[in-house]
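Each chain carries a letter (A, B and C) given by its place in the written order, and its residues are counted from 1.
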C-alpha cells in the first residue's frame, strides 16, 4: 500500500472518526472516573485503619523458643537480631549458663569454656561473687545459644531483640515467617523494643 | 547469702504478683556493696518516621519530573537519569523496601485483618502511582520503580517476542496478583516480597537462591526487555488498567504521525500498536458474531474458574504455616517425638491442644475456600476478556503506544523524525 | 575512523570488565560453596576436642589446642563475611561499569534503521494469541486440578477430641486385651480377686503398648495367665529387708536411704597408680547411673544418642557377662530426646531384686531382664519432656517397681508389677518436675515412698499409692533425694533450704530448717543422729539430726554431685574430680582418707563385702584391700 492510498483512506474516514472519537472519549472519561472512585474507595477504607506512626518488627522474648533461626533466616548477614542483656533481671551469677558451656572445665574466660561461638559476651568481675556480662553486638550473630543457656539455668536475662539500627524493616520479616513460636510481630514504631524487666507481657 | 529469707520472701511475693515470670527470678538480683552502677540495655531507634514522609515527597517529585520529561521535554535522557536516581534512592539507599508493588499486600491485609493497619506512607506509595497512571500513563514504571530501572539499564539486544506468546504470558501477572492478594488476605505470606528477584541486589545481601533469581532476570533482561515488569509484576496489572484510560499519555510523535515506520523497532517492549491493513471488512463483520459469542461465554469461564479455584483451595492453603503444621501432625503423628523438628517441638511446648490447632487451621482453610473460588472466577474473567479482546478491532492509521502496555520509557520519542 | 577505533577500544574494555565481573562472581560462588559445606562456627572438630577435655580436665595442651582452633574458626567466619561483603561491592561496581560501557558501545553502534518490511498478519496474530491464551488457561486448569487431586485434606480427616491420638489407640487396644484375657482366665481359673486387680489396673492405665500390639492375642492371653500364676507364687518369694541388706540393690543402697551394711571397706586406693584396684574396665557407653550389685552381678547402664544398653559384670573379676540393648520397644521415640551432657540418657540408676534387673532410660523406655540378660518385659512410659533429661532412679521392693516419672508437662508415681510391668497403681503428681529419686521409709510399721519436688515433700503409701502427707517446703529444680533416719525425713535443695520433717498421721510438721550449705544434686544421708550433706561448690558438712545445728564443715577440691553413703561406721563421698573423702561418723571432723580415682565422676559408690565399686566417666573400678 503506497503513501497516497494511505492518505486517501484517512480523509475518507475523517467524518466517521470524529463521532467515534467523541464516543471513545466519553467511555474513557467514564472509566477513568470509575477507576478513580475504586482507588479512592480502597484507600478510604484503608486509611481509616492506617496508622500514622508506622510499625517495626520485634521479638516477644516470652514467646521466643531460642530455635536459632534468627541467625540464619534474617536477610542481613550477620542477622539484625542480637542478644541483649536485661541487666535488671540478671542474677550476676558466677556460674552463668549463658556464658559457660554446660559442664565447662572451669569458670574462666578461656575459649574451651565459653558457650558463645563468636566470643561476643564479655565477663567482668564486680564483687564477690558477682560478675557482669556484656554483649558485644558487633560480634553477636543472634544464634540464641546463650539465651537458651540462660533460660535453662539462669534468670533468662539474656534474650533476643531486633536491633532497629540494623533491621531493614522488610514488609514481611523473613524470620517471622518461620518463627516456630510466632514470637515476631509488628509493634508500633514508637515502642520498638520488648526488653525484659521494662515491658510486661500481660499488657 | 545472709538475708536469704528476705530474698525468698521477696521472690515468693514477686512470683505471686507476676505469675508468669516464674522462671525469671531463679537467682535474685544481688545488692551490690561496691557501688556498682548497673548499665541499661541500649535501644537504637528505628529510622525516623519523618524520613518516611520524605520518601513520599521524593516519589511525588520523581513522578512529576518524569511527567515533565515525557510531556514537555520529550527527553528519553531525562527519563533515563531520573530512573537511575530512583534506582539509587529507592533501590540501593532504601533497600527496595518501601515499595508500591509490595504495598498491594499491605492494603489487602488491612482490608482483611481487623487487627492490622498499614502505615499511611505505604498507602500513599500504593495510591500515588495509580493516580498518576490515571492521568499521565505508567510514569511510575518509566522512572520511579527501582525494579524497572535496574532491568531497563541492562536492555541491550532486545528481541521481538511473537505477539501471541506475549499475550499468552500476559496471563501470569494476573495470576500472580490474585495469588498475592489471596495469600495476603489470609495472613499467610507476602509472596511478592518473598519472591522479589531484585531486592537481594539492592540490599547487597540475600540468600543464594534470591541472588541467582535476580541475576537470572537481569541476564534474560538483556534480550527480553524488562521481563519481570511485563510478565510477572502484579502492580503492573493495576497500572495497566489505570493507564489504559489515562487522561494524557506519552505520544511517539510530537504532532502528526506520518507513518514513516521508523519507530516500529524502537520499542523493546513491543508496546507500539502498529497499523494493520491486512484485516478486511469481511473479517470484521464475521468478528461481530464471534464477539457476541465470546461475551456470552465469559460467565461460563468464570464459573469454570470458580470451580477449579474451589478445588484448589486445599493445596493452596498448604502454604499457610499453621495449616501445614496441623496437617503434618495429623498425617505423621510420630513426628511429635522428632526433637529436630523445631516447629512441632515449639507447638508441643506451647501447650496448645491439637484440637485448637486444627480448629484454627480449619478457619484459615475456610478463608482459602472462599478466596480460592473468587480467585478462580477472577482468572476466568481475565481469561474471557483476553480472548474477547482478540476480536476487538479498531481501525487506526497512526503509530501509537499501547496505553496499557507502554512503560513510558520514552525510547520511541528519539526515533520520530517529525518536528513539533 | 576514530569512531571505529573507539568502538574497538570499548568492546575490549567491555570484555575485560565483563571478565572481571565473572571472576568475582565465581570467587563469591566458591566462598558460598565453602561456607555452606563447612560452617566454621559449627565446627565438629571443636566439639570433639571439648568433649575430650571433659575427660581430661587438666590437659593444658588440649586447652591450648581448643583455644587456637576456636580463634581460627572465628577468624575464618569473620574473614569470609568480609570477603562476601567486599566481593559483593566489587561485583556491583564492576557490573555498573560493564553496563555503562555496553551502553556507550551500543549507543555508538546504533543507527536508526528502516525496519524490514514485514508481512502484516494482524488476523493471524490474533488467532494465534487466542490459542496461546487458551493453552495457558487449559494448562492452569489441568495443573490446578492435578494438584488438588494429589493433595490430601488431612484437616477433614481429623476427628475432634482425638488430640492425644496415641492415647486413644492405646485405650482401644487395651479393651481388646481385657476381653480376651479375662475370658480365658475366668474360664480356667477362679482368680476373681487377682483378676479384678489386673483388669482394673489395665483399664486404668494406658501404657500396655507392647503387650497390646503382640500379633498373637491367644499367646498373649496365655502369657498373661502364666504371669499371674507366677506372680501368685513368687509374690511370696521376694527378698526381705535382711536379704536386701546383703546386697546393694539400687541407688544409694537398700531402700535408697544411703546406708550400706557391709564391712571391711578399703580406705585407701589410687585409681591412676593401680593401688588396691582389683580390676578396672571400660564401660562401652557413658552413663551417670551408679552401679548396683546382687551377689556376684554388677549392673550399670550406658547410652548414647543412638542406643541404650544395660551391662552386667561379674563383680569379682570385672568380666562383662552380658549386655542388652533397649531397642524395639513400642512407643520408644525414633530419635532420643535432647538431654544436657551432664545428665544424658542413662542417668537413672537400675534396681534389682535378685531375680530380675530393671532399667529406665531418658527416652522413657523401661525394661526388665532376668539375671542372664533375657528380656522379660519392656515398655515406654511416654517420651519425657525434661530439659536436663530423666534422672529419677528406680526402686524395687516387695514385688513392686516404684517409678517416679516427672516431666515438664505432668508427673506420675507408679508401682509396676515386677512380673509384667503392669501398673499396680499410678498416681498423678501435681507439682513441678523433679530430678530426685524416691526413698522408702518404714514409718509406723508401714512403708512409705517419699519424694521431693518443688514445692512439696510428699509421702505415698507403698501398698495403695495413696498420698499420706505432704509438706510445702521445697522450691526450684529439686535434685537431692530425701534422707530418713529414726522417724525423721530430711530434704534439701540448693537455693531453698534443708528441712527436718516429722511425719504424722495425715499431716507432717517441720521440726527445724536450715539454709546455708545446701546440696544441689547430691542427696543427704542421715545416720546415728547426724546428717551429712555435700554441696555442688565443694563444701561437705555434718549436722545434728535433732536440731539442725552444724557440727563441722569441710571444703573439698571440687563440687559434690554423687551422694554420700554411710558404711562400716564411715561416710564415703566422691566429688566431681573423682576424689573420695572418707569421714568418721562423728560430731568431730575426722578425715580418714581422700583416695583419688584418677578420673572424673558424678556417681554414687556401691559396696559389697570388703569392696567398693566406683564408676568414673569412662571406667568401672573394683577396689578392695
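As a convention for this text, contacts are C-beta pairs under 8 Å (C-beta built on N, C-alpha and C of every residue); 3 or more make two chains touch, one makes a residue touch a chain.
Just so you know, these numbers come straight off a predicted model, no measurement behind them.
Farthest from chain B, judged by the mean position of CA atoms in each chain, is C. Put simply, the chain closest to the centre of the protein, by Cα centroids, is A.
More contacting C-beta pairs link the chains of B-C than the other of the two pairs A-C and B-C.
Averaging C-alpha coordinates per chain places the centre of chain A 19 Å away from that of chain B.
Work out the mean CA point of chain A and of chain C, and you get 36 Å between them.
Our note on geometry: chain B versus chain C, Cα centroid distance of 49 Å, whole angstroms.
Shared interface positions of chain C, defined as residues touching 2 or more other chains, are absent.
In chain B, the residues that reach two or more other chains under the touch definition are 26-27, 205, 277, 349. For chain A, the set of residues touching two or more other chains reads 77. Of all residues in chain A, those touching chain B in their complex are 1, 3, 6, 9-10, 13, 28, 31-32, 35-36, 39, 42-43, 45-47, 49-56, 62, 65, 67, 69, 75-77, 84-93, 126-127, 130, 132, 134, 151, 154-157, 163-165, 167-172, 174, 177-178, 180-181, 186, 189, 192-193, 195-196, 200-202. The residues of chain B lying in touch with chain A in their complex are 18, 20, 23-30, 32-34, 36, 38-47, 49, 52, 95, 97, 99, 102-103, 105-107, 110-111, 116-123, 126-127, 130-131, 134, 189-190, 193-194, 200, 203, 205-207, 241-242, 244-247, 259, 277, 321, 342-343, 345-347, 349-350, 395, 397. Remark: chain C residues 32, 36, 85, 88-89, 92, 99, 102-103, 106, 112-115, 119-123, 125-137, 140-141, 144-145, 147-148, 150-155, 157-158, 160-166, 333-338, 383, 385, 409, 475-476, 495-496, 515-516 touch chain B in the complex. Within the complex, the chain A residues that touch chain C are 77-78, 101-103, 105, 110-112, 114, 117-119, 141, 143, 152. Interface residues of chain C facing chain A in the complex, by the touch rule stated above, are 41-42, 49-50, 53-54, 57, 63, 66-67, 70-71, 73-74, 77-78, 81, 84, 340-342, 387.
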